Amino acid sequence: MIGIETLVNLLDLGGTFVFAISGALAAVNRRLDIFGILVLAFVAGNFGGITRDLLIGAVPPAALSHERYLLASIMAGLITFFSYSGVKRLRSPVLLFDAVGLSVFAVAGAGKAIEFGLNPVMAALLGMVTGIGGGMMRDLLLMEIPQVLRSDLYALAALAGAAVVVIGHELALPYGVAALAGGLLCFTLRFMAIRYAWRLPVGHFSARERAKAGKDEEEQ
Amino acid sequence: MIGIETLVNLLDLGGTFVFAISGALAAVNRRLDIFGILVLAFVAGNFGGITRDLLIGAVPPAALSHERYLLASIMAGLITFFSYSGVKRLRSPVLLFDAVGLSVFAVAGAGKAIEFGLNPVMAALLGMVTGIGGGMMRDLLLMEIPQVLRSDLYALAALAGAAVVVIGHELALPYGVAALAGGLLCFTLRFMAIRYAWRLPVGHFSARERAKAGKDEEEQ
Amino acid sequence: MIGIETLVNLLDLGGTFVFAISGALAAVNRRLDIFGILVLAFVAGNFGGITRDLLIGAVPPAALSHERYLLASIMAGLITFFSYSGVKRLRSPVLLFDAVGLSVFAVAGAGKAIEFGLNPVMAALLGMVTGIGGGMMRDLLLMEIPQVLRSDLYALAALAGAAVVVIGHELALPYGVAALAGGLLCFTLRFMAIRYAWRLPVGHFSARERAKAGKDEEEQ
């Protein structure tokens, strides 16, 4: 039987791998070469954690001091490179794994931020950053407005999961329990958002205002 | 009567709030959802200070250890979300407040960099970075070439204000005096630049060279 | 006769200068003002080293604690601004110098990462990051997908050079010897890649898959 720490490590590595797949897929779609594909894989899989570690002062970041994250990213990049169609066909499972990865990252990120003495609100936000940072940087490198800024409760699910961990910590619950509850909440929210196409409201203005906004932008 | 430190704190918070408004407005213009609006508000209000703190080794950054900056950003985001037209109508006052925010950030940023032992030239530059970093990241997240790289003496005003603080420090003037002078200089420069549409010169080349430059770019 | 350290410092400064030229040229092509040109020059010349220093915890980064890097960047920016056509005409020599800069940065970056206790694989990668980071950020600020993600063995040459330094360290060779060998390897690879238009393979899919990929992207 495997212990809880082994499980968390496995999930963490699995999250990196799935996020890296998403980066590699995006890179292939944009016709990057094999090096660009590997970079996007690494960035998508690890940038969230690296950002968190820089912000809390945990240098060098875990993604740079343990080689397994690099290996998982490279493997994801190579698999995508050599069997793009196969990976593409796995799209639904990848979405599921991605939700798992998001949950694990959010929960683990919040835990690490608490450990480094951040206050509760910020610890929850850093959990969210851990979860969404990789995807944001992936999109920026490919010159797209980050998807996470526009869709599907992605970030909110991560924030909710991380918040549970923080609240659990405040209530002095064991980390394992809070992490499990937070992870489940994040996964469920994300799963429902995909399944029922839940969306957050967008800022709204009338057509006239919209035209004006466009004009104002040009004037600037 | 309020003391000078309270005043600086209030201005600092006010600067964060006004910058956050600029981020939220840009996000609404691009049809981001409420989460994206809040992220842009936080980034525009705090990214400059976070960058400075990372570069001088002050981790976790102030924007993450004091919750008031987060609250000011969220409030700015919500207000913009719920009354977009109202905020839009305040455009001229917002420009004014933005100039105040820039001045406060530049002056406070230079002061903090000196405190952390940076050399004078770099302290002035970090003051500038504190002032312009939020707006740069806001534009990058929305896939625009940062406005600050093209317009209105924005960065130069921040640099001038920060330089006054540094020079004051070298001359052993009290911080309050230098900060006030620097802030006023920055505000005045920015105000005049808006009022009289002052611009810095752009790099120039003949039409033939320009066509060639375009061609070279494509070749690369 | 000049010592080896002086030589390394000179090359390092020369690398900063040449990279800064590339940033300034790109800024002039995009019609940025003089301030934007100087920013791009500084970023292209120094962002790789700054990223490395943040990741290994060497704050404040060398580019901020020694003024010579700033001076070299400003000089490159001003020269480009005042004699754009002259600099443009030097394009082939600039490409050569750029290859020298890349080699020096990769080798020096790997050496510094080893010094700060990074493991061998990560030290090599950080050498690469030192070499390519400036160019990546230059392209991002100008809203282009970083060239280094698509072309010419640029990053791979840097990685190879950095790897030689790391292997030399593992074999306990003197740093000077390993650095020289690594630098030469990087330069040669890059030179051959330019001369013979070597490219890495890109991810490939059939026309049908490509159309589908495009469609999927829109759906997201």
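Residue numbering begins at 1 within each chain, and the chains themselves are lettered A, B and C in the order written.
Methods note: a residue touches a chain if its C-beta (ideal position, glycine included) is under 8 Å from a C-beta of that chain, and two chains touch if they have at least 3 such contacts.
Please read all numbers here as calculations on a predicted model, not as lab measurements.
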Chain-level touch network, classified as line, ring, star, complete or other: complete
When chain A is superposed on chain C by its C-alpha atoms, the rotation angle in degrees, nearest 5: 120
Same or different contact residues where chain C meets its copy chain B, judged by the half mark: different
Centroid spacing, where centroids are CA-atom means, of chain B and chain C in whole angstrom: 28
Multi-chain contact residues (two or more partners), chain C: 54, 140, 143
Chain A - residues contacting chain B, complex: 54-57, 116, 118-119, 121-122, 125-126, 140, 143-146, 149-151, 155-156, 199-205, 209, 213-214, 216-217, 220
Chain B - residues contacting chain A, complex: 27-37, 39-40, 50, 54, 59-61, 64-65, 67, 70, 80-81, 84-85, 88, 91, 140-143, 147, 151
